[in-house]
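Shared between the two complexes below is subunit A, which pairs with subunit B and subunit C, respectively.
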Partner chain A sequence: MFNLDYSWLADPVYQGWLIRGTLTTIELAFASSAISFVIGLFGALALTLRIAWLDAFIELFVEVFRNTPPLLQMLFFYFTLSTIGLRVTDPATGVSVPLLSAFACALISLSLFGGALCIEAFRSGLDSLPRAVTEAARSLGYSRWQRFRRIEAPIASRICLPALTNIMTNQFKTTSQASVITVPELMYYAGQIYNDTFRTAEVMILVLFIYVSLVSLLSWGMVRIERALAFPGYGRAH
Partner chain B sequence: MKTTILTIASSLLLALGLSAAHADTLADVKSKGTLTIGVKNDYPPYGLLNDKGEIVGFEVDLGKYIAKELLGPDGKVELVPVVASNRIEFLNSGRIDIILATLGVTPERAKVIDFSEYYVSAPGPSILAPKSATFSKWEEMKGLTLCGIQGSYFNKHLTEAYGINLTNFKTQPEAYRALKDNRCVGFAFDDMTLRKKTEEADWAGYKIAIDPYEYIPQAAGIRKDDTAFREAVNKAILKAEAEGKLIEWETTYGMPHAKYIAERAEAAKAKLKP
Partner chain C sequence: MNRSDVLIELDQVNKSFGAFQVLKGISLSVKDGEAVCIIGPSGSGKSTILRCINGLIPIDSGSIRVGTHAVHKMKTEKEMRPLRHQVSMVFQQYNLFPHRTALQNVMMAPIQVLGHDPKEVEVRARRLLAKVRLSEKADSYPGQLSGGQQQRVAIARALAMEPQVILFDEVTAALDPETVKEVLTAIRELVDEGLTCILVTHEMKFAREVADRVCFTDHGRIVESGPPAQIFDAPQDPRTREFLGQVL
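Moving on, here comes the complex of A and B:
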C-alpha cells in the first residue's frame, strides 16, 4: 500500500520549482502579515479617536474584507481592476498592460483581509485595557499620541499577540489560494509536478510536510516573542 | 489489377495460416459479424456524444468504415466507450477488438500492443498571439511571458527547453481573459483548440504565431502479433485514405484540414493505383 516513489525529486527542474515555490509562499505570507499588522494598528488607533465618519469607514472596511473570501478578492483585483481601466502603457513595447501583477494582487488582497482581522484583534486588545491605566497616563500629562505609543499600544499588542499568531498562521495557509491567479507559490508548482509525474500522493505528502514545518516554525517563533515580551506578572494568573 | 488481387489473396492466406498459432481476431470478427471498437465519447472531434446521445466522431466513422471493409456491407459495429487508463486493458482482455480512441504511438505502449498505420498526426502546443506579434519561432520566446494552463503535459518542456516564462491558469476562460488583458504575449496550448478559437469573431485580431514543435502520431491499437487482423485493418485505413474519406470526416467534425492527412491521402492514392 505504501509504495511511495520519490525518484522525481532528483529532477533539477522540480527541485528548482519546489524551492522557488516555497520562497514565494514565505515572501507573500510575511509581506502580507507585516502590512496587515500596520493596517490593524492604525485602524484600531483611529477607532479610539471616536470620529463618527472614520468609525463608519473602518467598520465598512472590516465588514467588506473580513466577510468576503480572499479567493474572490484576488480574482477581483486580478481580472476586474485591469478590465475597468487600472492599466499602464509599457514604455518598452507601447502595449497597454495591467498595472497590478499577480503577486501584487495577491499581496493586496491578503493584506486587506488580514488587516481587517487585525483591526478587530487590536481593538479587542485596546478595549481590554484597564481604564485606570489610561487615566493614570492622562493625569501624568501624556498627549493622545504619546499615550497611544507609550502606554496603550505596548500593552494592547501584548494582550492580542495570541490572536495575531492565529491570523498569521491563517495568512500563511491562505497564500495557497494565490495559485489561482498564477502566483507561482508552493501549491502552483506542486500541481504541475503531480500532473507531470502522476505521483499525486507523494507530492501532496511532501507539500504537507513543507507547510507543517513552516507554520510550526512560525508559531514557535511567535510563542517565543510572546514570552519575551510578557510583563512579569501581568495578565497571568498563576 | 490481377496481381494486386493475387497478392492480397495470397497474403491473406498466408496470414490466416500464420495467425492460427496466435490470436486470430479477423476470423473471430468474421464469425460473429460484428467489430467491437473501443472509442472515446468525451473527446471531440475524435469521439463525442451527439444531441441524440449517439457516439459519433472522426475515429467512430473510421471504425465503421473498417468494419464495412472487413465484414462487407452487412457488417455491424459495437461501440464501447473507453478512457485512456483502461483502453489497453480492454483490448488485451478481449473486451474490444480494436482501439480507435486518440491513441498516441509511444514506445512504452508498443511493448504491450501493436499499432496500425498512423492515420492522424496530433499536434502538440502552438502559440496564440495578437496579429501584431513579431515572433515566429519557439527559440525566440526565451524570457517572454506566455499564458498557459496548469498541469499541461508540455509546460515543463516549454520552461526547460525554450526558457519560456509561463503564467498558468486553472481554466481556459481565465487564460483567454489574461491574453486579452495583455498579461502575457501569447497563449501556449493545444493547437487544435487554439486554431478553432481564431475562427471566432472576438478573436479576429489574433493568429497562431508559432506552430507546434512536435506532432504525435495517432493509430489504432491491435493485440500483439495479430498479424492478419492488423494487415486487414491497415488495408482498410489505406483505402479510406485513398478515397479521401479522412479529409471528408475532418470537414464533418469541423477539424482544420491537416497537411499530414492530405499527404497520406495522396500517398495512398498513388499506392493503390494499379
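Moving on, here comes the complex of A and C:
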C-alpha cells in the first residue's frame, strides 16, 4: 500500500543535514534543560526567602512563561530582541546583524519556559520536605545557604526527579519549534529535505523514529539516575 | 548555688504564638554537669523551652544565657552558630537526614559546619556509633533503621558536635516500648559521664532515676521544681499532685 522510497538517504548531503540537525537538536535540548534546572533551583530557593517583591516577581515570571505557547515565546524573542536594538555591526562586512543568533534566541526562550516549569517542580519538592529535617539542620548550626545546598536541595531534587524527567522530555520535543525561527535543527533540515525530494512521508517517518529513539534514551537515562540517587524510605528504592 | 557554675540561665522568658501565650515568665538555671528533667502535661510549653534555649524559636521578652552567649540578643543564624556548637538537640521524631547513611549523618555537621578534619571526624563518628552500639549499622540509611536505632544515631550526631549541653525533646515518645530502653540506656550513660542535659520526658521512672532536678510545668509556668524525691514523693503544689496522680 505504501510505496516508500528511501533512495535519497544515500545522498551524503542529506545524511550530513540529518546528522547536523540531530546534533543541534540534542545541543539545544541539553543546554536549555541545564539552564532551566539552574533557574528552577535558584527560583525555588528565592521563594523560600519569603521576600514579598521577589515572590511577586517570580510568580509573574512563572505565570507568563508557563501559560503562553513556547512557539510564541520563541517568535517574540527572535523578532523583539533584534528590533529593540540588540544588533552589532559585523567588522568584516560592515553589515548590521542581530547580536543574538536564531539558536541563541531559541535557547533563551526554551530555557525560560523550562525554567518556569522547573521552579514549580523544585518548589513542590521543597514544600514536601519534612519540617523536622530543616529544624535539625538549623539546630546543628547550618547557615541558610548550607542548609539548602547540603540538605534541602539534595532531598528535594530526588523527590521532584520524576517531574524533572517530564519537563526534560517535553523540552526535547519542543526544540522542534525552533525550526520556525530558522534554527537548523532536525525539523528544519527535515523540511529542507522533503522540499527537495517531495518524499514527505518517508522523511517524517524517519524523523519520528529519530525523536522516539532519542527521547526514549533520555528517559531511560533519567530513570537510571533516579535509581542511582534513590535512598531507602523515599520513592521505590530497595 | 555558685553563680560561676551556672551554664544555662533563663530569666522571666515570655513567648506567644499569636494570641496564645506558651511561656509565662519561665526562669530556670542549670549548672554545668547537671541533668534536669522537665515534666508536665502536653501543651504546657516544655518543648518550647528547649527550642528557645538553642535559639530555634525567638523569645518575646526576658533573657536566656548559655555560657557566654546571650541567646535573646542573637538575631541571625550566623550569630547563633557558636551557640549551636555548644548546644545540641535530639528530637522526638529523630530528624535524621534521609539521604545520608548513619555514619554520614554523624559526620556531616562537624565537617560542613565546624570545618573539622574529615579523617578525624570519621574516627570520632565511628567511636560514637560504637558508644550507642550501632557500629554495624554505620552504612545503613535512616529508612533502613528502626525508630530506636534512628534515635541512637541522632544522639551520636548530637554528640559529634562535642557540645556542652544536649537538649532531649521527648526522645522516646515515638518509640515502641521495647526500644525505649535502649535509648534511655544511651542517655543515662551521658548523664553519668557528667554531660549537662535538659530532658523533656514522659518517662517518669527514668526522670526519677536520672535527674538531679525535676521541673513540673503547667500552662507555661514552672509550677514546682526540686530533687526527684521531693517532686515525686512529696509534691507541694496541687497541680503537680494531680498530674502525677494521672501518670504514675
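Just so it is clear, the second predicted complex is superposed on the first by the 234 of 238 C-alpha atoms of A that agree within 3 Å, B and C clash if a C-alpha of one lies under 4 Å from a C-alpha of the other, contacts with A are read in each partner's own complex, and residues count from 1 in each chain.
Here is the rule we use: a contact is a pair of C-beta atoms (placed from the backbone, for glycine too) under 8 Å apart; a residue touches a chain by one contact, two chains touch by 3 or more.
Predicted model only: the values in this text are computed from it and were never measured.
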{"item": "Three-chain arrangement built on subunit A, subunit B and subunit C clash or fit", "value": "fit"}
{"item": "Contacts of A:Thr182 with subunit B and subunit C, given as first, second, both or neither", "value": "first"}
{"item": "Centroid geometry (CA): angle subunit B/subunit A/subunit C, rounded to a multiple of 10 degrees", "value": "170"}
{"item": "First (subunit B), second (subunit C), both or neither touched by A:Gln192", "value": "first"}
{"item": "Touching partner for A:Pro98 - first (subunit B), second (subunit C), both, neither", "value": "first"}
{"item": "Per-residue touch tally on subunit A - higher for subunit B or for subunit C", "value": "C"}
{"item": "First (subunit B), second (subunit C), both or neither touched by A:Phe79", "value": "first"}
{"item": "Smallest distance from any CA atom of subunit C to any CA atom of subunit B, in Å, after fitting", "value": "50"}
{"item": "In the complex with subunit B, residue positions of subunit A that touch it", "value": "13, 79, 82-83, 95-98, 102, 179-180, 182, 188, 191-192, 195-196"}
{"item": "Of subunit A, residues touching subunit C in the complex", "value": "130, 132-133, 135-144, 146, 150-151, 154-155, 158, 231-234, 238"}
{"item": "Of all residues in subunit C, those that touch subunit A in their complex", "value": "54, 56, 77-78, 80-81, 84-85, 88-89, 91, 93, 95-99, 108-109, 112-114, 141-144, 157, 161"}
{"item": "Of all residues in subunit B, those that touch subunit A in their complex", "value": "150-153, 155-156, 159-160, 167-170, 174, 177-178, 181-183"}
